[in-house]
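Look for chain A in each of the two complexes below; its partner is chain B in the first and chain C in the second.
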Partner chain A sequence: MPLAVLAAPEPVADEPTQGPPPAEPGQKPVGENTRRRSVAGHVVLAVLALFAIFPIYWMYATSVRAPEDVLDTSPLPWPLSFASYEYVWQVLPIGKLLVNTFVVAVCTSIAQLLVALLAAYAFAAWQFRGRGLLYLAVVGAWLVPFQVTMIPNYAFLNELGLLNALAGVVVPTVCSTMAVMLLRQHIQAFPRELLDAARMDGRTSWGTLWTVLVPNLRPALASLSILLFISAWNDYFWPALVLQRTDSVLQIGIRGFLSAEGDNWGAVMAASGIACLPIFVLYLVLQRQVMDAFVRSGLR
Partner chain B sequence: MKTLRRYGAGALLAAATLLTTACGGLGSTTAESASSGPVPELEPGQQVEITFESYNLANATWTKTINGLLERFEELHPNITVHGQPPQGGGTAGSNTAASVQSQLMVGKAPDVAQLTFGELDYAVHKLKPKAVEDVAGKEEVQAAFGGEHPIAERARDLAAMDGKVYGMPYVFSTPVLFYNADLFRKAGLDPERPPTTWAQVEEYAHAITKATGADGAYADCLTKVAVDWCMQALVRSNGGTVISGDRKTLTFAEPPAVDAIATFQRMVSSGAMPDLAQSQAMDAMGRGQLGMFLETSALQGTLQAQAEGNWDLRAAPMPSFGEREPVPTNSGSALFIFSEDKAKQRAAWELIKFMTSSEAYTAISSEIGYLPLRTGLVDDPDGLKAWAEQNPLIRPNLEQLERLEPWVSFPGDNYVQIRDLMMQAVENVVFQGKDATSTLTEARNRASELMPAS
Partner chain C sequence: MLVEIPEAQAVTEGRPARPSVTARLRGWLPPLAYLAPALLFLYLWTYRPLGQTFQLSFFNWNLLPTSPMTPAGTDNYTRVLGLPELGQAVWNTVVYILALLPFTVLIPAAVALLARRLPGRSRTLYQALIFAPTLVTPVAAAAVWRWLLDPSSGPVNKALTALGAEPLNFLRDPDVAIGAIILISGWSLLGFATLVISAGLAGINDDYPAAASLDGASRWQITRLITLPLLSPTVLFLVLTTTLLSVQITFPLIDILTQGGPDGATTNVYYLLWQYGFRNFDAGFAGAAGTVFFVGFGLVAALFVWLSNKLSFYDN
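And now, the complex of A and B:
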């Protein structure tokens, strides 16, 4: 739809509205090519959207099949059955898992956002010796594979007494290099004159950050927070290393239905469906800000 | 998913190995344990807390059974408190149990009792250094624990023994069983009461099923890297081969009997008797009733029963043979090992192991989880599993195979996972990608030999 609007000819002021001149025989009407391109574009987008949505549909469709029909490949699940949800509810401490996962995801994303905001502010708005080198070190840390750091982190957590605790999942992940890099980009694009004006008005660096910068970064912070939350919500391996208990986080609970002795797909899909719901709700709430941030990032 | 699971476990193991190597190993306590003799029984009222690491606790469905048994143990031993925990990485297949224990050993928090798979036995004994149950409890007490009203199957007793010493107690395992769809048999004009007994018959029946029904014929879940090597070893041994020599110094999976066994399945794939499917695809095909025969761990029985119920007729038969040779089933599964340094905890750990391998525990484990009862007499005991066994005739082939059981052999050294992966990747390439069996397995054997420990 936006393609058609952008490509539409602008009306000329004071010109009588007569409509387009009649097309010569064999000549294509004005705008037909644009419309065709628009339709083709929408068809492509619709197909891509279907590709994206279909796995989610299949997850919920499988979750509401009767246990004996769970491997059925018919597109519509019938008769509907919520036996898989009942089973998941009986077997897993789903309430505890949801709360634990929520606590871990909220704490991780808030901590990462805060650390990233402060670090990005320093890297983008401050001039200090070794800034480039320090930033390079931060970016370089991103390139170190998780497998290299997990055992040292594990040993460190043991020293802190945080093994088997939710805090142990959060503490080693409070710095997200991706978040630092993204926010640095946004702050660098922020008009320098506004920061200088705030300083001339007598605002401290701390005050400038919270009263000038942060209000203008809201869309970026919203989109980043949802990305960080989703990443923390979906994290499996690190919690599985730290939390050796049956009431850990939801992703590990889901994994409990997959085993060498057979995969319980109905339960996997029901538990996954439950795990997805908070993410959907979060996205719906922050949808406007997320779209704003992505559009701005794309146009810049 | 299974591949991801394996990569995760592999990464964990690799990192843990690296660190232990850098730190000069985990230290030896075996000699001290051996020299000190059996650990005395706990004093009445002596309070002890121990941890029990079990991959069964990572399975959502089984947690209730295992936790129920731990509660029962605490009732019987009020002075011992047991904290059950799943292994790190959340693996339910036991693929990362050694890595989990290893990383906990490094920070001085090894579980007091751990469930480790037999495929990790060599590495566990020589690198993780558990306290041998023989040293903790004494040989007589271990032999007494094997016995009782319903003794543990003779062939299962030494599965966790190495260098002549019993390190762990065999806990839960299964053998390869030929599950088959009796409905497809009938549609193909085959008699479901007479399942195939040789691989040649399996191939013949598979063609008949595919021709009559359009369903896939037969699949052996033993020939891919994901399947690990326990069942592949059964196929090789059934054809008179081995994967490693008796002195554990030479890899033998490229010798003619092994090559012939693998080539048999290559021919089945090329003739269309066996579909070119991944492990999970074959499991789903069987569950949907679109696969005629499926050589698979007997532990899958419960899942298959649930999928077949009301849809198709599930049956089970012993694993087929190569011609006139008697088939040699191997075991999957695990044993229980003690890692406590503290003597009181060692004793408490042994008490827990005795209980978890008792008739009472196997009655619950077999009836609620579906594992093979190692105390086979329970299936004839009205107070044990008699009623359950009568309701579950599928377990019979599995029990019969116990009499011919040969152990799943673990590879030696730090590189045991890489050796196994090289071998299984070569097998997969031969069977499903049509590579030349002799040259592919020989090349893998040569590369894997370089990873064997220096003798």
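And now, the complex of A and C:
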């Protein structure tokens, strides 16, 4: 089955989508036909790339227009002005929003990674009665939508006193089904001889996990933590349920700003641009790893 | 495995078939200890609330811890099924799913097949650009598109006017609003789906198309009879994800841009649930609705798993 090949852990450098193009068996080396096909490919992909990137470009373009030019539709924003950013800085506690969102995303992704690593280790390295059933329970959680459980969860968070607290966004999301599934695949593909050798050396299972498995899984763990961080940063449901104050995290702060400022597009675009910026910077720096992480999450 | 393997061997060697209770407990203890945190959180935040939702559906309660829950029998279910907005919400949910499939399956498959023929560098660039919207946070995506689709000064309407068409109030016009939400969701999903299909394609063994080509198969025959069948597990996965998650993916956009309006034109089943739970503080009703929708989606998922086992074509 083709997916198994991709799902197996491999160094990030071997990212499947980026390799050399697969040999085209039916293709005659040169020819009018081939060139025409390749031109058609370029045209279609360029149109889609434009459709994908234009809204993002327009967001930043609007945000750096001078306030009187905001409604301008010239493709290049000129003269540049950072007035919108200054305004957002004064009106929104943007520093606090960024720090809070960052704290939530880091805590969420670390907790998810840790819990998933332990669970995946248990599923992949032991045979025990009820393993299949417990694994089904973990995978089945993926099918329970947020909206179905939100009212009891809201009441429970209220009981715990976690409503309107950042911890209230982190705690309910600690067990990530996707992370358990991905890590289990990686640990299963890990050579058993190495685990056995560690056991014969007299290492405990805990020691084996941290000194044998984790160092070898580093690329997979890195790519998964990127994915978990981005998902936590962009999560909308839990913050919307738990946090009512607009000075909590970016999602909620900017939603409030959007309804308060309405058509002040320069400011709204500047605020949105700031909310996306950390993820875009991450993407620019680690483009391969980010795409790789998302591909793996999609191939189960 | 670290503990179990010697015992497993012992059993096959014909010792008494069942190891003693303490030995079995010792075999169980380590994996269960590693599983404990995950299982605890799953129980607390997924399965217990799921049970509570089911329980709540038989009571009337306004979400206040101090106010009592009163038994309601099956009244809540009668109310859910008799709700006038329900028909529209279910219909819209179906529309969302069907209309998002081109963005998550058809266009990505076409794009991935076309991109195969391009040199690696430009292909990587295109994919990187098409993928970028996946990373935009939902609130920012909603904000940008509200600006692009603004009725008076948004660039889309300016372009429409320049082309001689009537400007549209995309998010307030009941005929267009659902299309706008679909377009925005599709925009953010397209790159991800393209990437997944490209990876699926890259995983197909090149020998099959090569052999077919030697036998004189045309390029289209190879795509239709070899590549697409081998791609079917990936495609089915994307269809299943779209079906199950499109209600959730559209949720933030609906919440921020239209609140289900105008006049219910963009609402879906979970948004309806959210409104009844938290706008009207009607926990019993939301519980009944949640149970009905959960069972509904569960049946659809089961049907899919059954279908995908029948239809998928594996390269064994």
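One rule holds in what follows: the second predicted complex is superposed on the first by the 215 of 300 C-alpha atoms of A that agree within 3 Å, B and C clash if a C-alpha of one lies under 4 Å from a C-alpha of the other, contacts with A are read in each partner's own complex, and residues count from 1 in each chain.
Methods note: a contact is a pair of C-beta atoms (placed from the backbone, for glycine too) under 8 Å apart; a residue touches a chain by one contact, two chains touch by 3 or more.
Source: prediction; values computed, not measured.
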Touched partner set for A:Glu193, first chain B, second chain C, both or neither: neither
First, second, both or neither for A:Tyr154, with chain B first and chain C second: both
Partner chain(s) touched by A:Asn264 [first = chain B, second = chain C, both, neither]: first
Partner chain(s) touched by A:Phe237 [first = chain B, second = chain C, both, neither]: both
Contacts of A:Arg255 with chain B and chain C, given as first, second, both or neither: both
Partner chain(s) touched by A:Ala119 [first = chain B, second = chain C, both, neither]: second
Partner chain(s) touched by A:Phe51 [first = chain B, second = chain C, both, neither]: second
Chain C versus chain B, contacts on chain A by residue: C
Shared contact residues on chain A - chain B and chain C: 71, 73, 147-148, 150-151, 154-155, 158, 236-237, 240, 255, 258, 263
In the complex with chain A, residue positions of chain C that touch it: 1-5, 8, 24, 27-28, 30-32, 34-35, 37-39, 41-42, 44-50, 52-53, 56, 63, 65, 107, 110-111, 114-120, 122-148, 150, 153, 155, 158, 187, 190-193, 195-196, 198-206, 209-210, 212-214, 217-219, 222, 230-231, 233-234, 237-238, 241, 244, 247-248, 251-252, 255-256, 270, 273-274, 277, 283, 286-287, 290-291, 293-294, 297-298, 301, 314-316
Partner chain B, residues of chain A touching it in the complex: 67-68, 70-73, 91-92, 147-148, 150-151, 154-155, 158, 163, 236-237, 240-241, 244-246, 252-253, 255-264, 267
Contact footprint of chain A on chain B as seen in their complex: 1-2, 5, 8, 11-12, 14-16, 18-19, 53, 57-61, 63-64, 67, 84-90, 92-94, 100, 103, 106-109, 280, 283-284, 287-288, 297, 299-300, 302-304, 306-307, 309-311, 332, 370
Footprint of chain C on chain A - complex, ascending: 1-3, 5-6, 16-27, 34, 37-38, 40-42, 44-46, 48-49, 51-53, 55-56, 58-59, 62, 71, 73, 114-116, 118-119, 121-123, 125-129, 131, 134, 137-138, 141, 143-156, 158-159, 171-175, 180, 192, 195-196, 199, 205, 208, 230, 233-234, 236-237, 240, 250-251, 254-255, 258, 263, 265, 268-269, 271-273, 275-276, 279-280, 283, 287, 290-291, 294-295, 298-300
